[in-house]
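One chain, subunit A, links the two complexes that follow: it is found with subunit B in the first and with subunit C in the second.
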Partner chain A sequence: MTPVHFSFSAAFILGLMGLAFHRTHLLSALLCLEGMMLSLFIALSMWSLQLESMSYATTPVLLLAFSACEASAGLALLVAATRTHGTSHLQNLNLLQC
Partner chain B sequence: MVYLVFLFLLGLVLGLIAVASNPAPFFGAFGLVVAAAFGCGILVVYGGSFLSLILFLIYLGGMMVVFAYSAALAAEPYPETWGAWSVLVYVIVSVIGVLGAGYWFVGEWDKFMWVAEEFMELGVLRGDFSGVALVYDLGGGMLIVCGWVLLLTLFVVLELIRGMGRGCLRAI
Partner chain C sequence: MNPYVLMILISSLGIGTTLTFMSSHWLLAWMGLEINTLAIIPLMAQQHHPRAVEATTKYFLTQATAAAMILFASTTNAWMTGEWNIQQLSHSPSTTLVTFALALKIGLAPMHFWMPEVMQGLDLTTGLIMATWQKLAPFAIIYQISSTTNPTLLTTLGILSTLVGGWGGLNQTQLRKILAYSSIAHMGWMIIILQFMPKLTLLNLMIYIIMTSAMFMMFKYNNATKINYLTLTWSKSPVLATLTMPMLLSLGGLPPLTGFMPKWLILQELTKQNLAITASIMALATLLSLFFYLRLCYAMTLTLSPNTTNTSSTWRIKSPQMTMPLATISTLTIMLLPITPTIFSLIM
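After this line comes the complex of A and B, so read on.
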């Protein structure tokens, strides 16, 4: 495993563990998802750059478009939860009634 | 160049540790910006300058939106930084975990630490420029799928944030 592979794998695992463990805000969970997307972007770019198969250089751009969709849907959920629940703390989403 | 690559990789991992250690969202967004900047450095060193430009402009532009949201929606009177004890525990555990995993793999790193930059001659088109341009030729189907997904996301967002008792997330 090369240092680049180790680094983006460690970044992905760190983002995944940060998402899975307890978050205070919903926005922190969304930031961890964005960090995972960042490590995936770097992984796909490294794949096409190190193998010099440049026709695969489109895949990070497509991944970036999909991650924009994910971020916008997450932020819309954040706004909706803030409107209905008052705060954006994840503790509120565990409660049975609002 | 090897030290530069090592510095960028270290900055990427440290930025993700700063995000994943549960600080206030304001500082988490700052850590993600740092990680994205070091990731741009990695891509530049390995010869993907156009991909690095895309990452810097589009990803960091999107991060600015998240940053503004974090300032507006998740504001706290006393935000927790990485010096707070509950955050510092996550930081220490993450650093120890990454160092332990790196110690497992460090034996074979000395023969992989070179930089594979193959496009040394002067040229008009670099590889990643023309590679990304293939999305308009061979990747036309995926381009249409991306456009469709972005259009669908627009309506998803509009349905999610619709208020007045007709949205899909309501306080009953």
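After this line comes the complex of A and C, so read on.
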């Protein structure tokens, strides 16, 4: 495992752990998702840089475009949840439990 | 919702699934999954009430996490082996991670907690899309990686989700939650056979989609969301109420009906592989599911509503809803078992 591989894996797993265990605000969950996506961006761009393959040079940008769409959908949901529930705490999302 | 926007969203749903179906490259498959998720989010949140927004948020968080995990696993595989093809996922930790991510996406047992809550927050039409169309894209990937995944993991996931699906549904009175738990149980049956005969997974998925669409359409026709609404359906449409009983028993997998076909073939294949204990556990776990389907049957056909009913039947106004799809699909739900050999030879 190269140092680059280790660092982006560690960044991704830290983001995943944050998403799974740190559950107070919706915004922090979205930030963790974005962190995971950025570590994947590093991974893809490093892969195409190391292999010097032209055909893979566009993949990081495609990933970034999709993660931007995802982040904007997440922020829209943050606004919607704040308007309907009053807060953005994830604890308040409990209407559907049984 | 604006019809143009609706058209864009529906076609994006189609495009996402098609992209995942067509792709052999992990990045394109991931893009298809993401398009699918992003396209259904406005459909879920269009009734802007708190439950819908909550369900949408939960769905978004789980699906985005699962998609990111899939891409992370495939990137790790590419770093280790230099291979982006879906069918050549040979690095073993990334195979396990992909299996877990796909299980989170379709709601298999240890990762199923989002499924009933999300289903409860949606209206029945979006719930229908959620239970059928949204399962297709993940299953396209699961089918392709079936030869490289860890067999023990698949067996564990399968048995666990059949048990949890049966057990969780026992306590519910809300129809959409019951259908969500039934979906979890059926997913368990699909996963248990994946390593031995992936074609049977597809057959089970097809039959499950037919049966669950029939149930959703029936609930939509009667506007039923709780068990006690079902007790009034006989006065609305007696024939449909009678027809629903075999539909529910078919979902539970009783012999002369369609739902028995995948269970029969799967149990036969498991027995052929000398896995009699696994087969017995699966068959017994389905009895739990059968109990709550039977409870729905009981509420529909054998009891009266606790309200005072002044008339024995309500005024028959012609329903504006389309009944042709419901008629077709409920016939398929009930009467497909005699042509099992034809379907089996078609899919093999």
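We take it that the second predicted complex is superposed on the first by the 93 of 98 C-alpha atoms of A that agree within 3 Å, B and C clash if a C-alpha of one lies under 4 Å from a C-alpha of the other, contacts with A are read in each partner's own complex, and residues count from 1 in each chain.
The working rule: a contact is a pair of C-beta atoms (placed from the backbone, for glycine too) under 8 Å apart; a residue touches a chain by one contact, two chains touch by 3 or more.
Please read all numbers here as calculations on a predicted model, not as lab measurements.
More residues of subunit A are touched by B (comparison of subunit B with subunit C).
Of the two partner chains, subunit B is the only one touched by A:24; subunit C is not. By the touch criterion stated above, A:33 is placed in contact with subunit C alone, subunit B being left untouched. In the superposition on chain A, contact of A:85 is made with both subunit B and subunit C. In the superposed pair of complexes, A:66 makes contact with subunit B and with subunit C alike. By the touch criterion stated above, A:77 is placed in contact with subunit B and with subunit C alike.
When the shared chain is aligned, subunit B comes close enough to touch A:14, but subunit C does not. Applying the stated contact rule after C-alpha superposition, one finds that A:3 touches subunit B and leaves subunit C untouched. Subunit A residues in contact with subunit B (one complex) as well as with subunit C (other complex) are 2, 19, 39, 62, 66, 69, 73, 77, 80-81, 84-85, 98.
Considering their complex, residues 27, 31, 34, 37-38, 41, 45, 48-51, 53-58, 60-61, 64-65, 68-69, 71-72, 75-76, 78-79, 82, 116-118, 120-121, 171-172, 174, 177 of subunit C touch subunit A.
On the side of subunit B, the complex with subunit A involves touching residues 5-6, 9-10, 12-13, 15-17, 19-25, 28-29, 32, 35-36, 39, 42-43, 46-48, 51, 54-55, 58-59, 62-63, 65-66, 69-70, 73-74, 90, 94, 98, 101-102, 105, 108-109, 112-113, 116, 118, 127-128, 130-132, 134-135, 138-139, 142, 146, 149-150, 152-153, 156-157, 160-161, 163, 167-172. The touching residues of subunit A, when paired with subunit C in their complex, are 2, 5, 9, 12, 16, 19, 26, 29, 33, 36-37, 39-40, 43-44, 47, 51, 59, 62-63, 66, 69-70, 73-74, 77, 80-81, 84-85, 93, 95-98.
Only residues 1-4, 6-8, 10-11, 14-15, 17-19, 21-25, 27-28, 30-32, 34-35, 38-39, 41-42, 45-46, 48-50, 52, 54-58, 60-62, 64-66, 68-69, 71-73, 75-85, 88, 98 of subunit A touch subunit B when the two sit together in their complex.
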